[in-house]
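The letters A, B, C, D, E and F name the chains in turn, as written, and every chain counts its residues from 1.
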Amino acid sequence: MSKVAQLTKGILRENPIFVLVLGMCPTLATTSSAFNGMGMGLATTFVLLSSNVVISAIARFIPDKVRIPSYIVVIATFVTIVDLVMQAYATKLYESLGIFIPLIVVNCIVLGRAEAFANKNTIFDSLLDGLGMGIGFTFALTLLGSVREMLGNFSIFGLPIIPKEPFWLKEVFFHDPILVFVLAPGAFIALAYLIAIFNRFKK
Amino acid sequence: MNSIIITAVLVLSLLGVALAIVLYLVAQKFKVIEDPRIDLVEAVLPGANCGGCGYPGCRGFAEAFVKTDDIGSLFCPVGGNDTMAKAAEVLGQTVEAKDPMIAVVRCSGSPELRKRVVEYDGASSCKLATALYSGDTGCQYGCLGLGDCVAVCKFDAIHIDPVTLLPVVDEEKCTACGACVKACPKFIIELRKKGPKGKRIFVSCINKDKGGPARKACQVACIGCGKCVKVCPHDAITLENNLAYIDYNKCKLCRKCVEECPTGAILEINFPPRKQKVEGQAMNVESN
Amino acid sequence: MAKVESNFKNMTATLLVITLVASAALGLVYQSTMEPIDLAQQAKINNAIKAVLPEFDNQPGNEAYSVAVDGGELTFYLATKDGQPVGTAVKTFSNNGFAGLIELMVGFLPDGTINKVAVISHKETPGLGDKIEPQKSEFSVQFEGKSPENFKLLVKKDGGDVDAITASTITSRAYCDALARAYNELKKGGKQ
Amino acid sequence: MDSKLVVSPSPHVHSGESTRRLMFNVVLALMPAFAVSLYYFGIGALFVTLLSILSCVLFEYLIQKFILKVQPTITDGSAIVTGLLFAFNVPSNLPWYIVVTGSLFAIGVAKMSFGGLGSNPFNPALAARVFMLISFPVQMTSWPLPIESRLKYIDAVTGPTPLAILKEGLKKGDTISQIADQIPSHLQLFMGVMGGSLGEISALALLIGFAWLLYKKVITWRIPISIFATIFVFTGILWLINPEQNADPIFHLVTGGVMIGAIYMATDYVTSPMHPKGMLIFGLGIGLLTVIIRVWGAYPEGVSFAILIMNAFVPLINRYVKPKRFGEEVKRNG
Amino acid sequence: MEYLIIIIAAIFVNNVVLAQFLGICPFLGVSSKISTSAGMSGAVTFVMVLATIVTFLLQHYVLNPLGIGYMQTIVFILVIASLVQMVEIILKKLSPVLYQALGIFLPLITTNCAVLGVAILVIKKNFNLVEGVVYAAASAIGFGLALVVLAGIREHLDLANVPKGMKGAPIALLTAGILALAFMGFAGIVK
Amino acid sequence: MLKTFAKGGVHPPENKFSANRPIEVLSLPAKVTIPVSQHIGAPATIVVSKGDKVKVGQLIAQGAGFVSANIHSSVSGTVESIEPVLDSSGYKRPAITIAVEGDEWEPTIDRSPELKRHIDADAQTIIKKIAEAGIVGLGGATFPSHVKLSVPAGKKADVLIINGVECEPYLTSDHRLMLEKGHELMVGIQLLMRALNVDKALVGIENNKPDAIKYLSEIAKEYPGITAHALKVKYPQGGEKQLIKALINREVPSGGLPIDIGAVVHNVGTAYAVYEAVQKNKPLFERVVTVTGKNLPKPSNFLVRIGTPVSELIAAAGGLPDDTAKVVNGGPMMGKAVTDITVPVTKGTSGIIVFPAAESKRKAESVCIRCAKCVSACPMGLEPYLLIRMSQRMMFDKMEHERVLDCMECGSCSFECPANLPLLDYIRLGKTEVNKIIRARKN
């Protein structure tokens, strides 16, 4: 597989959300806005990238039987780093993501990539893989966040999408957003259709 | 060094050591013994779980394959020889190549050639119709055309032709798993040798009635006249119960019987066209 | 690539090393982020106070005090500029919200008039009760510059002066309740 | 006789019942309620109902034709019933875009995404109603006053439903007797003189439809009656314990969506249990949940939620509550 | 009464899966059959309660006194991971019957974020030990309830003609979405 | 409130056009074709050969094995051929074709019309005579009657139930038989009672035949132990299990037989045949057949020799209407559509119904709306909506669990289904497959 493919496979062909359907909890929980979704995606990408690199570097020194615990320690370390750094420098985002920052540690994608890829590939390949998967994850979360924000708040990244003029556009067609999309049920419904649309285009 | 770092290091290290001890004990006490070769064999199998090999799924086949003394007795019809060679490699053995097989439909009675005498109005299932009557034509052996074979095919390799109302096997997709053979309540489908370049000859009829009634029910029925038996130079054709049958192991594809057959019940597939045509219907099947 | 064998010694050693490195790394990160995190916390409180009071230059968070009342706690933040009090921010609450607790930050000017009100937390129905948030509706604006002395903190339906949010009388009531509680405590013990 | 004989498996006769006829009878049974709502809510009711039916049928057609690419089945009447029921569950002054969005959700999401008629686990009209209630809480809970709003649509004079008056009063700390004078009499409630969704107000009209459905054997008595009985008994007990904090059982039966929910929504074939015993359990569950939400929940009305939640349990009920087989007592010996 | 409120809140009002988005992966993964979903629910309940007790003790008697609360994540996940493995071994030895019923689900639980999530939430919400245990058990029941109900619907949908693109995860998510809508009706029952 | 069975059931339009038409003797055809498998069980072994001269009532095929029945010639003449012929099963099966010459009966047969009430045969003799006469269940099930009368060791019958329900729409042959041969029927019942050693016999008749109920109740007074009972009109009350439930409120266990709860059920036609066999020495070679249909000029009840082509009956009933598109052998709910009207009448032919084109084809299927009408219609408490889905998806092991084998194929579910789903078709398919699975398991 070429290095480019190594990087890009996670974005579409093996997209962790739309194709592999992994890491659903943060996907649903943190995408009430595009910004939150992207923040979560980037945090996960960092963990994914770093743990992939470290694990591929140390994999051969680790006995099989303690493989999983060791990987978990590595991942948890990076998660805690993200946690602390965000708390210090991105308080607002940190608060809106809440418990899902520490929960990156149990995101199936992270451990999954460590198990399936990083422990048998070179550091550079693992880096590409982690980066690609992370980008795919971030892309998916941002997309879902955007869709939800657009429908549920008529805005994207906090910017209103309905122009003020002509006035009837807002008065007649887009008077109120479909609030449910920024709430729990809307997360499920929006993701359901995004995956369905993705399935359709994959074929 | 800061005390917080020291406590952190101490706590986590202790935890790490404790876990290591626990896991070590676990690893010592509870070992699962399973032949690792089963996984390896399973990995080379197609994974269709079709059951064509006679075992419940590919895993079942893999287990049997690892256990058996004579791996030549097992065959995966879907994967074919390549797969079997790979699987044998896993065990460090070799297998003889088997001739590839294909499903053939032994009925050519399209509505044009085999008049419908009654109209069926019920659920679309050959099995069900079989319980009800012998078929909507005068031939009680012929294809019912309700597609039980289509429904069971896991490889999308068999379809009912909208004109002839008969099943047509897609040579590319057919894996000779035999599911359709089992599904057909009329026993019309048979697995036969695919033949060199797909060339094969067979009697496309299973009507065991005497000549008169058979001919009356269907224009392309085998009427049991025996001409093909006489003309065959390789002794490949037998006649039993008014029905000719070509043994594909003996047939040398000389095509003499095809010319001789008065009703056109014998089909030749994938041969280059020859100057004088036998009948139109042979083309029907070829043109799939 | 030769794998390391899974024996007792190796396993323990591996885990030990990994945890050592991990915990050391974490400790370092923790130490270096301790201060920024504290600052961030400070800033958060200050921001909330800033939102409801005119400009000030002290650290109200350091001079806060709390009063226990009605099964909850009110926190008072005194803001000064050049040593002169510019107002008091009160973190107040009401348990009577449609979905329970509502927490507000109310800024009182030294004369007792309400400067601005901000919402700290609530669980009110989106689209209905959440209109107490200043960015979602004009509801909170009506309190600005009003003194509870002559502006009755009750919804009009109950004989007060407050225009309730459409279809959210209960939330509006709770909002008034929280404001009234803050004002009463401020009068009682506040204005030092 | 010159045509071919037809051969088909038995039976050779059929009752003549069809999906379309069943749906038609449901529509017919809803007509008294529609007449009442036309009388009370006038043009708003007419507009919302027609728009809802039209958009449901249109969406079903478009989705089947262009997205699923199957033969449209709008003639079976199920989309009409969904449209009618959705309209009956919303206020008569609901803005048009909410009606259309709701229809899209009912047909597109709650019905077609699951495979269309017969496959949807949730009642489409109800799922849409709840979806809209949460998305547009203000518009979905501003109820035009009956009679006064006859000639108005969007700018109708609105007021709360009796249940909302009750909930708000109790929240404020009032007692039932203090609230009572704001609420119409039981007889008025029974006739439908109150604010509410356009089709739910008149218990009388809905009960007439119930009688028609029973007479035509479209539904059985089990689900509606078990819901009524549960609500009656449960609220009755609460009322007996403390009549100043809990409304009386009759009030609970004739207000809000109990009648339309129990008779027309809970009995939806697709989303209700298949066996008599299961139907009773289903009704019991709906009754209990309705009262729990009404009495302790944030929402003044709980019928829609209750039915939707019990819809989710229907597969489990169908699986574990089986009809009594003939000759059940002895085990098969073969 | 307080416990009752915790229980109702955790099962219905703030259902772990439908309102808090914890444990979605197993919720989607193990919900295709009622029998397996029931087994999974049992296993999760068991582990969740056990994990909550252990992590609670660790937090309050080790991490907090030592001032290393920031190590929460790493310590909790290690403990849960090894706990799951120990439970598996102990079950195998002591009760083969139970192991048959629950054992196969145990490896899946390590990556069930509901377990770690609930353990962290118990600390965050300042529960005492008993409240924490009650909360964990109720959350697990809420998880199990949602899981079994979804499995029931999915078994029903197996026999229906779900459009091609919607099959699998999308339809499960959609069902969960409408379920979440329905569960919003419980809002306000517990403050 | 009239008695009936508890669960399920439907009420199709009765359409009993021939109820007032007395039984007519159909004139002899030129040729009869007598299939050798007219009963459940192994085909009988042919004991004549081509060219043989046979008399009416002469044994031409011997019952082969325990569950099988003798077959007698219904005419006198020459055996013309012995080869497979299309019969109402839709298949070509072995049959004896006899060219009719005169009408010469076996001399042992008592052809006198007077009633012979005195019974001198004992139980064993009765059963033996029934077996010899080749009597099978004439309600349509064609189960050899002597087998049913031989109660297995360890079981005991305490009540005989006579099925005069005739719950199938259109059919009237049993109705006419009860009206016209009441006394013979009573003697036949007494013979069956003696064979089973029971002292109680209940005749169940649906309330749409008030004349038969009245007549039989009256004459039953002369015959101790026999009572006639009116039943509410509800299909499929003629099913053994439903009839037992309706009359004595006992339920045959799932997978069991009526004898497991002490009951034996026989059809009125069978009882009449028993009378003729035992008292008159006459084997079963003719039976009453209803020929009917909405557009048939002259719906009738005929006494027909076994082997007569169906086309002859239709001709005698006024000829085949032009718009005919389906001919059914048996009732409209459980009967079998024939592929050709030349097929012969057999022992199990209770009626021939001619359907006009408009009623022959099924309406287009739509989708299941889970209305549960099939569940309430099923008299066995099954869930047809579930069974059809399982069958279509080949989940046969699950179908066994859902007791698909309890299905008696009464067709109530398909009759009721508003979506016109072929419920019974697929349930039948499932039954066949489940039986295969069970057989495979036993091996």
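By definition in this document, contacts are C-beta pairs under 8 Å (C-beta built on N, C-alpha and C of every residue); 3 or more make two chains touch, one makes a residue touch a chain.
Quick caveat, the model's predicted, so the values are computed rather than measured.
Shared contact partners of subunit A and subunit B, listed by label: C, D, E.
Of all chains, C has its CA centroid at the greatest distance from the CA centroid of subunit B. Here D-E and B-F were compared by C-beta pairs in contact; the pair with more is D-E. Relative to the C-alpha centre of subunit F, the farthest chain centre belongs to C.
Remark: subunit B and subunit E have CA centroids separated by 46 Å (rounded to whole angstrom). In this assembly, the C-alpha centroid of subunit C lies 43 Å from the C-alpha centroid of subunit D. The geometric centre of subunit A is 40 Å away from that of subunit D, both derived from CA atoms.
Centroid to centroid, with C-alpha atoms defining each point, subunit C and subunit E lie 31 Å apart.
For subunit B, residues that reach two or more other chains under the stated contact definition are 4, 8, 11-12, 15-16, 19-20, 23-24, 27, 117-118, 121-123, 128, 131-133. Counting partner chains per residue, subunit F has residues 90, 336-337, 339-340, 360-362, 367, 386, 422, 425, 428 touching two or more of them.
The multi-chain contact residues of subunit D, meaning those touching 2 or more other chains, are 5-9, 109, 113, 116, 118-119, 131, 134-138, 298. Across the complex, subunit B meets subunit D through its residues 116-123, 128, 131-133, 136. If you check the complex, the residues on subunit F that touch subunit D are 7, 10, 12-13, 90, 169, 241, 245, 251-256, 260, 320-328, 330, 332-341, 353, 355, 357, 359-363, 366-373, 375-376, 378-383, 385-386, 403, 405-406, 409, 411-412, 414-420, 422, 424-425, 428, 438. Residues of subunit F that touch subunit B in their complex: 89-92, 336-337, 339-340, 360-362, 422, 425-426, 428-429, 432-433. Residues 172-173, 175-181, 183, 185, 189, 192 of subunit A are the ones touching subunit D in the complex.
Within the complex formed with subunit B, the residues of subunit D that make contact are 4-9.
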